[in-house]
Structure formats: C-alpha cells, structure tokens
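Below you'll find the structures, each written out as structure tokens.
What follows is chain A paired twice: with chain B in the first complex and chain C in the second.
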Partner chain A sequence: MSNVFIAFQANEESRPIVDSILADNPAAEAVYSPGLVKIDAPNRLVVNRETIEEEIGRDFDLQELHINLVTLSGHIDEDDDQLTLSWDH
Partner chain B sequence: MSVDLQAKQIEPLRNTFGHVAKYVKGNKPASRYEEATFGAQPSTNFHYRPTWDPSHELFDASRSEVVLEDWYVLKDPRQFYYGTWAMARAKQQDAVESSYQFVESRGLLDAMSDELKQLTCDVLMPLRHVTWGGNMNNCNIGAIGYGTAFTAPAMFHAMDQLGVAQYITRLGLAIGETAVLDKGKQDWLEQPHWQVLRRYVEDTLVIEDPFELFVAQNFALDGLLYPLIFETFIKDRITKEGGAGVAMVTSFMSDWFKETSRWINAVIKTAAAESEANNQVITRWANEWSKRAEQALAPIAEIALQDNAQAGIDHARAELDTRSNKNGLSQK
Partner chain C sequence: MDTAVKKKKLGLKPRYRAMTRGLDWQTSYQDMDKIFPYDKYEGIKIHDWDKWEDPFRLTMDAYWKYQGEKEKKLYAVIDAFAQNNGQLGVADARYVNALKLFIQGVSPLEYCAHRGFAHAGRHFTGVGARVASQMQSIDELRHYQTQVHTISNYNKYFNGMHKNIHWFDRVWYLSVPKSFFEDAMTGGPFEFLTAVSFSFEYVLTNLLFVPFMSGAAHNGDMATVTFGFSAQSDESRHMTLGIECIKFILEQDPANVPIVQRWIDKWFWRGYRLLSLVAMMQDYMLPKRVMSWKEAWEMYAESNGGALFKDLARYGIRPPKGWEDACEGKDHISHQAWNTFYNYNAAAPFHTWTPNAEEMDWLSEKYPDTFDQYYKPRFEYFGKKHKEGERFYNTTLPMLCQICQIPMVFHEPGDPGAICYRETDHDGDKYHFCSDHCKEIFTNEPEKYVQSWLPVHQIYQGNCFPEGTDPTVEGFDPLAAVLDYYEIEVGRDNFDFADSEDRKNFREWNGGVEEEVSP
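Coming up: the complex of A and B.
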C-alpha cells in the first residue's frame, strides 16, 4: 500500500476543491504548508466534478483545477466527470 | 556565517470576520460568498422610523408574514455576490453577442416570413413591460425584504429582469424599427388580451409583503410565463416555422430561467420547511397567485399557440406544480 497525492496552491479558488476531495475520500488527509495544501490518500484518490459543483454552486469544468494544481503522484484516469489517482494499471 | 532559511506555517487565530464566523461552522475560512453575505444586514441602532412607514423599523423582518428565526438561512445555491454574479452575466452577454453576430451576418431574422415576424413581435414586445414589472418588484424585495442572503440576490434578479427587457427590445429593433416597440406598448395598454396580465403585474407592484411579492412575481408569474413563452412558444412554434434566429438570440432567457429557478426553489423550500405556519402561508400565496397568473396568461397563449394554447398552459402548470411539490408546499 502506498500513497497517492495531489497538491494545490492554498487559495480561495482551490478551497472548495480541497473540501470536495476530502468529502469524497474519507481516507484522505490534507497537509497544509505555507501557500500549499497537499492531500495524501492511501492507494487511491478521486476528484468528482459533481461534488465540486455542489460545493461552489455553479458548473465546473474539471480542467479548471489545473489552474491551481501544483503537483500530483499516481497514475491518472481522467474523464469529464472525474479524475482518479491510483497505482493500478 | 550561514543563514538558515526556513518556511514556517503560521496558523491564523481567526479565519474570518467575527460576524461571519458565527455562521461558518468549525472555525473554517469563509468563502467570498459567505463574507459578502452573512452579518451584512443592519439590525440594530436605527435612528428613527421611516416617515413612510412608521409602524416598522427601517429594516424590519416583521414586514413579512413569513417568520424565520434567522433570515440568513435563505442561502443562494448559486453563491452569488456582486463579483460572481457580474462575471457570470458578462460571460452570458458575450454569448448573446456572438449569437446576434451569427444571426445578423446570416440574415436569419430577415429570412423569416412577414407573418412569423408579426407573430414574434405581437407576443414578445409587450413582455418588455412585464419584465419591467419584474424589475420593479425585485427592487422592492431588495428594499423592504430582510436579510442580505435574501435581498442581495433579489437585487441581482431585478437587474437581470432589466437585462431580459433589453434583450427583448434588441430583438424588436433587429426585426423592425422602433415602431415595433411602440406597437408593443400600445398592445400592452389597449389590446384586451393583454389586460388580464397587465392587471396582474400592476397588482403585484403594490404588494407590501416582500415574501408574498417574491412568490407572486418570481415563482407564480415567471414560473408559468417562461416555460410558456421561451420554451413552448419559441421552441415548439417559432423555431419549427423557420424562426431559429429568434431562439438563438433569446437563449439567455431559458438559461436564466433554469439558473434562477434553483435560487427561487431554495428560498421557498427553506422558508416553508422552517415551520408549519410558514408552509401554510407560502402555499396559500403560491396557489392564489399561480391561479391568477394562469388566467392572465391564457389569452396570450391563445395568440401565441392558437389551437395548442391549452396544452401550452397545462405544460407550464405541470412544471410549476412539480416545483411546488419538490419545495414541500402542500397542494391546494
């Protein structure tokens, strides 16, 4: 078992994204450091478009998260509705 | 000598303003919407009562029959404060602008038959005055309503209504000259089939309860008018008879209706859920006003849809009833 992670700049725009990720991934943990928030999760982490939309009250294009994305690790499985990080092939 | 640079995380003692923090659970940082909304309503230390209404304070929740422990529960699911609202509308304005460019450069409006142009103008032009009523009414909700969560979106809604009126005007000018607008006003003032609706609009202008006004204007009237005109009439009639250009330049109205319905539903649902008394009074308003609105729209459905008038009204009615149910209003 190893971690995957995703990190965002800590700002007003990324806060609802971080909140939705934490809501969707009970095992995930957010680590705050100056200007940065890194979310670690064992094996698998999923970002859902719908959860973010509920959080911010408007339509959201998953590509928008790249504006504040700093780094990530894990194999990416991405479509219009979700982005999943895991170590599966 | 070596200098050791280290990043150090400094935890803020407070994440937001005190008056906002009261409404944000768990000492979390507040969103821009929350900071612009919560605790912004003036509530104490009013100097004297307004001369135009000495029985109430300047800002007074008791102007409405609806009683809420805290008016900030009426949150806007779109989370609009001035910035996000203005940005959202600017984007939509760009879209409308490019629709106009497309429609004009390809002559889509000119290509319509004279009868179709006439029908479009007959039905849409007097609606400028209906949306002007919507503008006045929502301004009034902003003025006499209570709680920024409720009044701020009402003011945005007022400006949106004005925008809709302007889009209708622009369509009129694109189809004909200013005579088209004058004719619309004349119809509004004189044509018998517009008088029931005109009476409805004029009666809502003097409603003194901000929540009743909200139900009468935003839920009952617009809730029937938009599906009838911008869905059924434009989509099922004008477009099919060769007026796709009209549909393109009025697409803002159907999108806007969908978007604002979320807000209107949320306000009604939350207020009705707070107490049985609220539910009863809101249900009463919704039933009374939607019945009147239905009667007011019937003659317009006649000219807009002719044989299909009743079907159009029934469709709009069914949509409104579904919303009533979802918002927890008990039926008739």
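Coming up: the complex of A and C.
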C-alpha cells in the first residue's frame, strides 16, 4: 500500500484545514518543515467541507484549498462536499 | 412582494461540464486536419475527447477568482519585503547565489512553459484539454512575472542578475535548461504534455519547489518562499493535469502505450539531468539547510514515484529506464555539479565557494558512503590552494553531452572513480554522451539532436565572440572575448564568493558582521 499526501503553506488559513483533515483521517500524520506542512496518509485521504466549516465557523468552498495548497499525490476526486486522494480505482 | 430566493448555483461537476464542453465546432469550409495539423502525426490515437476530465474541475470563473486572491497576497509580501530591506535579513550573502541561478535558469523556463502550453492548447481538438492548457499557459506567465518582480529587489543590491534573458540564450550552463525546454516545445502536443506535465511536473517538480522553498523560508527569504509556494499552488493543478493526461492517453488506445513509454523514458532522464542544478543548490547553496538532495530524492522521487509507477503498471507502463541509475546518483550528483561550477566559476555569473568546516560535517553526515571518500578531499584541496592565493579556475573547455548538454562530469554507475562516456557515429560524425540514457535519446531521433547548439562547439567555431572580433591578432584572449560576448562583468558577476563585491557589501550593510565562510 502506498502513501498519498497533501501539503499546504503553514499559515493561519491552513491551520483549521489541517486540523480538520487530521480529525477526519485518523491514520494521517502531519510533518512540519519551514513554511510548510505535509500530511501523509496510507492509501487514502479525505478532505470534508463540513468539518472545515465547523472548524472555521463559516461557509467554505473546497476550491478555496487552492490558495494555500503546495502539492499533493494520488488520484483526485473532487465534488462540492469532498476531496479525496487515493491510489484506488 | 415575494422574498427574493437565491438561485441555487450549479454544483461543481455540472458547472465543469457547462464550462468545458460544447465550446468547439467542426469546421465546414476548411479541413479539420489542416486547422489542427499536429494532433495525429505523433501516432497517438484519441477516440473520445469527452473522457478528458480535470479532477479539480476548475473553470475559468473560479480560476480568475482564486488566482486574483493569490496575487494580492503575494504582492503584499513583495512590497513589505522591499520596504523593510528584507534582503539584509537573509542567512548570509552566499544564499543570494541560489536566487541568481533561479532567475537565470529556472524563471526563463516558466516563460517557455507559457509558450509551450499556449501552443499545445491551440493544437488539441478536445475542449477539456484546451481549457486546461490555457489555464496552465496563464499560470506559467504569472510565474515568470512574479519571479522577476520578486527577484528585482535583490537585483538592486547584488550582482549576477542583471542580464538573465541575455545569458539564458548564450551562457554555457544555461543551455542545459534552455535545450531541455526547447526540446519539449519542438515535440508534438502529446509529447509536450508527457514531457512537461507528467515527467517534469508530476514526477520531478516537487524536488525543485518544495524543499528548496522551505529552504528559502529557513534562510530568511520571505519574498522567495512566497512566490515559490504561490507558484507551487498552481503546480499542484499542473501535476494533477500531468497524471490525468497520462491516464487519458493510455486509456484511449492500447497502441498509445509504447509511444508514451518511450517518452517517459526520455523525459524522466532529461528532467533528472536538469535537476543536477537543483541538487547542488540544495546541498551547497543554502547556508541553512532543510534537507539534503538525497533525502528529498528519497521522499519525493523514490517513495512517491514508486507509488505512481506501481499504479501505472496496470496500463503496461513500467518505471522509466533511467530510474535505477537516477536513484544510484543521489549520493553523487550534487557534489559533482558543485565541483564543476567551482572549476568554471570564471565563466559563470554567480559565485561559488568551498564549504566551511561545519558544512563539511553536515555533508559527511548526510552522505556517509560517498562524501568523505570521493568529494571532501577535492574541496579541502581547493580551499587550501585558495588560502595560499591560488584559487583554482579551470580555463579549458569541457566536452559536453550532445543531449543534456552538461559537461561530462558524471560517474560511471556503480563506479564513482570513473567518468561515464558513451559515443556513437551518425552520418560520418561522432557524437558524445554522458550516459546510456542520453545516448538512447539520440539514437531514437538523431535528426533532431545533430542540430543541438552546444556552447563549447560554438565557442570553438568562433560564434561566441562580440561582432568584429579578430581571433588572429597577437595575444588574443578567447575566454575574455567570450565573457565580453556574454556581457558578464568580470570581477563583479563571476569568481569566488570570498573575493566578491557581494560579500564586501553585505558585510558593510550589516555593520561589519563577518559571516562563516570558507576560506
């Protein structure tokens, strides 16, 4: 099984997003380096709009992720509620 | 009066379809093949362009919105950096040389990519691919512009940045990135996508932007880390496009598989050779280090690339032919590249140096199997000679590889004590290569690569002197004439950091504080 990852600029906008991802993906781990936070997860990682909205207390459009996104790996599936990274087919 | 009901917007998936489908038309009074002359000759068969899907489902309206937001953030930082003399806050002035290499060798590639995607987008008959190429073309133009705007603040204070475009077209080592991209741009649109979107962006670009930009942050360069990560947020879209386009092409027709495999073999190796410059930036040019080239290679190439090729195996795609040699090279290439620039620093408009004692220790620790044995003694010797007033500058011209255009400095895989040489005959002439993989690229397309503009050959043919130069006059100094043609300011742009104006100035601006440099 391979890892997938997603990385963001380490800033205040990303912090609640990172927290939400870690809450929704118990197997995920965040690794910090200067300016950057990278989240690794075995095979699959899910970003939920609802969790982020609860965390930040306002509406959130998942495409806002693009502003602080640095890099990612795996196949992407995105709709209005969820962004999934995985090596599944 | 009725309460106004907010009309529900289209969801992501229907919006994507509405904005990327049905925008094209079949031509009537001209033949489609005449209007799209490049989409068939490479042999790639596409049966249903409608299967093309951008997984992010980004549409032009959302694109402008988020790009605008990114720009506002970035330019606020650039302004703040300039207003607050951010250039004085970098770890030490050696760091700025990494930026010189960036503006000389990387930024012009962004502009090439802008042109390349505009061209590819024009020549695909599928609308989804055209929209994606259009966005990427605009992204790449933005990257070139934001890099120039950011680094222009440094250009006010430091040497080696003032002629980047002039140098890109002339200076010997810049033919390495230039020829890489011109090779991609002169392929067909499908090869271009495989080369740039997949092999470079998806497999290799993390190595350039992620650890290096983290390094910029670590070295106090707020402006560069911001443009770097701002560009990288676009890159994550480009990478996604890269993997999608490969899957799309492979799923369209089984006959596409061997064509794509050969392109992956070729472009992985071309990209890997190009990244020798990045390896050296990471191990030698960041005064404060985040991770070694070897660690970055293991994290982003071996583990991530491994997962990718395991996944692509179901299409019948195997890892690129050069994969094992590239992994073997992780212990060596940064040292070999830095040694080369140290040698030829009289002809390069940035500064080099020997690592100081603490940096030598770091390199020994990060490269326990190779640094002490093969590379440290060279740098110690160079440092000793410099202290004795005999800084070594190599004034002879090296033999170049016909494909990657890098001097023949790489080792024979498995034998670090030997230089790797390969050669072949074509049409009565002999051609030289740095590796089996560069040689194979040549033998697959000799008609293309016999035309390579090799800087060393051009100098020997007399094509790199200022107009009107007479090389037959007594006392003619060819190196001086070449530097004059390059428009390098001798004594300011080139030579060792220890003796540089940059170093002297930086020390004065910072109240005479001495940095830890060697010798």
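Quick notes
Keep in mind that, in the parts below, the second predicted complex is superposed on the first by the 89 of 89 C-alpha atoms of A that agree within 3 Å, B and C clash if a C-alpha of one lies under 4 Å from a C-alpha of the other, contacts with A are read in each partner's own complex, and residues count from 1 in each chain.
Throughout what follows, a residue touches a chain if its C-beta (ideal position, glycine included) is under 8 Å from a C-beta of that chain, and two chains touch if they have at least 3 such contacts.
Everything numeric here is computed off the predicted structure, so don't read it as measured data.
Set side by side, chain B and chain C differ in how many residues of chain A they touch, and the one touching more is C.
Touch criterion met: A:R58 reaches chain B, while chain C stays clear of it. In the superposition on chain A, A:T71 makes contact with chain C only, not with chain B.
When the two structures are aligned on the shared chain, A:P34 is found in touch with chain B and with chain C.
In the superposed model, A:R15 makes contact with chain B only, not with chain C. Residue contacts after overlaying the shared chain place A:D80 against chain C, while chain B stays out of touching range. By the touch criterion defined above, A:A7 reaches chain C but does not reach chain B.
On chain A, the patch touched by chain B and the patch touched by chain C overlap at residues 33-34.
Contact residues on chain A toward chain B in their complex (touch as defined above): 12, 15-16, 32-34, 56-58. If you check the complex, the residues on chain B that touch chain A are 7-10, 29, 31-33, 76-79, 84, 88. Of all the residues in chain C, the ones that touch chain A in their complex are 11-13, 55-58, 62, 66, 69-70, 73, 206, 209-211, 213-218, 225, 229, 232-233, 235-237, 239-240, 243, 290-291, 303-304, 306-308, 310-311, 314. Contacts from chain A toward chain C in the complex involve residues 2-5, 7, 9, 33-36, 62-64, 66-80, 87, 89.
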